[in-house]
Amino acid sequence: MKFERYGIGIARGMMVTFKHLFRHPTVSQYPEQRLNMSRRTRGNELIWNNVKCTGCVTCAKSCPQGAIHIETTVDPATNKYNVLKIEVDTGYCIQCGLCVEACPYEAIYMGYSVERAKYRRGELVQANEMLLASPDRPASGYMNPHIARELPRQTLLVEKIVEKR
Amino acid sequence: MTIKTEPFVINFGPAHPSTHGVFRMRVVLDGEVVLDLEPVYGYLHRGIEKLAEQRTYTGIIPLTDRLDYLAAMSNNLAHCIAVEKLAGIKVPERAEYLRVILAELQRLCSHLIAVGAFLNDSGAFMTPILYMLREREKILDLFEMLSGQRLTYNDMRPGGVSQDAPEEFLPALHKFVDQMPRYLDEYDQLLAKNEILLARSKGVGILSKELAINSSASGPVLRASGVKWDIRKAEPYSIYDRFEFEIPTGTAGDCYDRYLVRMLEMRQSVRIIEQAMKQFPSGEYRSRVPKLIRPPVGEVYSRIEAPKGELAFYIVSDSSIAPYRYHIRGTSLINLTALRDMIVGWKVADLIVIFGSIDICMGEVDR
Amino acid sequence: MTVSLSGTEVAKQIASQFPEAIAESSNQAVVVKTEYLLKVAEFLKNSPDFDFNYLNDMTAADYYDYFEVVFQLSSLNLNHKLMLKTRCYERLKPAVPSVCCLWRGAELMEREIYDLMGITFTGHPNLKRIVLWEGFQGHPLRKDYL
Amino acid sequence: MSSYLNQMLLQHEASVRVPPDWPGGYWFHWLFFTVVIIAFVLTIVMGFIYFERRALGRIQSRLGPNRTGPFGLLQPVADAIKVLLKEDIIPDKADKLVHWLAPIVAFFPVMLIFAVIPFQNGAMLVDLDIGILYIMAVSSVSTIGIFMAGWSSGNKYSLLGAMRAVASVVSYEIPLVLSIIGVILLSGSLSMNQIVIAQNIPFILLQPLGFLLFFISGCAEINRSPFDMLEADSEIVAGFHTEYSGMKFAMFYLVEYAEALAMSAIIATLFLGGWRGPVLPPWLWFIIKIFVVFFLMIWTRSTLPRVRIDQLMALAWKGLFPLALINLFITGVEVLLWPAGLPWLAVLINIVIMVVLLLLWSRFFKLGWGRVEI
């Protein structure tokens, strides 16, 4: 005799939902209660290091979206490139991180912050000094383990939910 | 007295709550019974195959993320394996294990969404999908820790993975794998034997074994019809030949079997991850590969078992930095071949359940 | 482990049945003439030695002089696979016989090829554009599409 | 409609028991309870909306609304304001008059139900001798409103939803009424107040099967999950109110919850002993019982998948209808055998009979597994 049609399945299912009434909710209340993001978060902007950058445009070449625009001149005295303009259209950026990976001098990083929405399309295009790192524009540890080490540890849901099943 | 009745045409989608995106079906209804059905595709066509012809082999990886966006890791893996086969790139051990772990986590992730959405379509108001999203969230945490993104990971590269796993990855994975079987038990308890679900899905939308094979169905849809075919076993790619696992198969090929096969596959995935964790080696995570890969002239058809079925890439190379022809075997699209045969004759409510049980992702259908 | 059948070996067997059919064969693939495609496909599907009951994939590539339609066949029972190709040298109105009658799975794949590559499949039950809309000019995956 | 009911009320004026200490007599009583009922329904409906959303949230491992006001208590108010300020859209192809009339037709019968529900001993608008019959008559009228809404919207999804609503309500009316008759046999009166007074033991114990049948068919009658066929959001978008917005949508929303409130109140009155209870004041007991019944509805909603329309019909005609008849027969025999006493033995017997019958029925009766041939 199979107990497939006697309402036992329904009763067992109801028990599961009833138990959840007394468990902690999984959610967190976002603006007040913030969880730490991953140390390798690819936030929605790029950070540029003007000291390390040599203007080799490897990042612009590797960008699949063509969002990075660099203009350089050659300085004949030192035989080096001089970056006149670096312009990133973060509206085109898909946060794939290939530019960071491609850069041979570690001069470009992904941003760590994610709340960078703008009201106008034009403000998404960032250039030169706007791209530099600053306290409110921290760099993320994506592809850069030495930065990752200093960032806060990621909050994990696996560790947050500890109730026994 | 006779009452004149006539069937009426109704549009399901492209903006319908349970068409999983922008799928559209023109359905001819007689009262509640579906008389005819014509799927309309193409609302999410982005021309990925054409775009890929102008990108480097590394630059394509973000595109593959956007194919089946619920299983981006698997797509990355399929692409990377295809490119490695084409260019003859070796992959270090650690990367292989990491890839298998990620691919299996991704399978869990995708199946959780599939089962949850199926149960949601069958009317269990949001509860199962929210429970399953909770588990998916834990997996996404792990992915985020590894790659920095939660949906479009862009994590694997030809010749390995982009970054090594951080030291806190394995303990977290351990915790997750410990918890997961208990949660799966809970899901089984929640709805697997529910009488209403049985009544709704047993015997509904039967896809016979012959039709399943003939219409090139793959993945859980094929296995639910009773075909023991899994590329991980049949043609072990990566290092799948080192793990012990079973291929769960259904018997009837109805919606309930498809649901059950997914639930059982999740347990097998957990099993694979456990084994991979035990054998996890140290060492290189990425072999040295030039930035611009120029594979020799040739073609390759390489397939993997993605969560939704056989995902394959057919790449023709002309030894330049971009592929000459880049074809994607969209699993979801091909699984929809037999959609009409499965649905016609059932009611509107069954249409939704059958459609939900196939588990498609519109990004992969229209590409 | 799936055995990848050698194209030349298979070509020999096909040639014993249809001596005219093979256009070219290599270790990777068999290229058959378009007019023999259906017969060869039927032979490959029904002969017990091959038993290709599963059509993995079907696609086309544009090589300027010709279109190449590529079939990936495999057998779920014998666990082997084969790459079958056919070439279509006509550029204005390329046509290839449809294999829908053998493998239903080809239905959507052929529609997709028709849509994006512009190859007509004669005998297809419902050949119309799939991802692009009716009346779209040109076929995007052709190399001359700009 | 309402003038007819006024007439009906006037005809029954003789049978109305007005408490002697009311200063204004009949009309003051009428005014007072009309205000009380409207206030009661609106506040409890808001409470229901809040309670359902919070409970669903907790069941689904989230929090539910908690932003507006303390603990999110003002969420229903915020919802109401939002919905009332929205633009009222009437589709081009709609039948405008019917489209406008539908929410009103659906809303009023629900309010009328509360006229005969006792909040306390004798505290009700009118203690009709035929109270339960009146409820059955009035409560199914709102289906007409729902059908009008579905028909007039000019939307195929709405039409499907409306058809489903009519089909399910017509079928479920029968087991609903039949399962009440057992209660009436036990109490010997159709008046709601008398039924409550007769419940020395709550009738849920004497009529367990009747309660189950009434709960199931009541859920189907007011289209709560798992029988929410007419607004099955994953199938037919939102069913009959797909094309409604703004104020009219708010009316339907109100109807939905007021119906749930009415059904909970009826169940509380018929089976759970209404306002009777120790220590606490009677009206509080009544509200507590209403919320308990409503929690049951939330609980089933959060757990169970939806049944299909033909399974819904099959369940009504093959499952609930025969069971209700058998229940009626058994109750009749019991009332004849023990006209005065032996209630605790009857409780035991009835529970045993319920278990046996349910097992038998689940053995014979099979939902689904079938394909419609065309």
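To keep things simple, chains are lettered A, B, C and D as they appear, and every chain counts its residues starting from 1.
What we mean here is this: contacts are C-beta pairs under 8 Å (C-beta built on N, C-alpha and C of every residue); 3 or more make two chains touch, one makes a residue touch a chain.
For clarity, every value in this text was computed on a predicted model and none was experimentally measured.
> Minimal path length between chain C and chain D through chains that touch?
Minimum step count, chain C to chain D: 2.
> Using the contact definition stated above, find the chains touching both chain A and chain B.
Output, common partners of chain A and chain B: D.
> Tell me which has more C-beta contacts between its two chains, B-D or B-C.
B-D
> If you average the CA atoms of chain B and of chain D, how far apart do the two points sit, in angstrom?
About 44 Å separates the centre of chain B from that of chain D.
> If you average the CA atoms of chain B and of chain C, how many Å lie between those two points?
For chain B versus chain C, the centre distance works out to 26 Å.
> How far is the middle of chain A from the middle of chain D, if each middle is the mean of its Cα atoms, in Å?
51
> Check each residue of chain B and list the ones that touch at least two other chains.
Where chain B meets two or more other chains at a single residue, that happens at 127, 134, 190-191, 194-198.
> Note the residues in chain D that touch 2 or more other chains, in rising order.
Expected reply: 59-62, 302-304, 367.
> What are the touching chain pairs in this one?
Every touching chain pair, ordered by label, is A-B, A-D, B-C, B-D.
> Mind listing the chain D positions that touch chain B in their complex?
Chain D residues touching chain B: 56, 59-62, 156-157, 160, 163-164, 225-226, 228, 232-237, 301-311, 367-374.
> What residues on chain D touch chain A, complex-wise?
On the chain D side, the touching residues are 55, 57-63, 66, 299-300, 302-304, 358-359, 362-363, 365-367.
> For the complex, give me every residue of chain A touching chain D.
5-7, 10, 13-14, 16-18, 20-21, 23, 25-27, 29
> Using the touch rule from the top, collect the residues of chain C that touch chain B in their complex.
Going through chain C, the ones touching chain B are 1-2, 28, 53-57, 59, 61-62, 70, 72, 76, 79, 83, 103-109, 112, 116, 129-133, 140-141.
> Given the complex with chain D, which residues does chain B contribute to the contact?
8, 10, 16-18, 29-33, 35, 119-127, 130-131, 134, 190-191, 194-200, 202-204, 344-352
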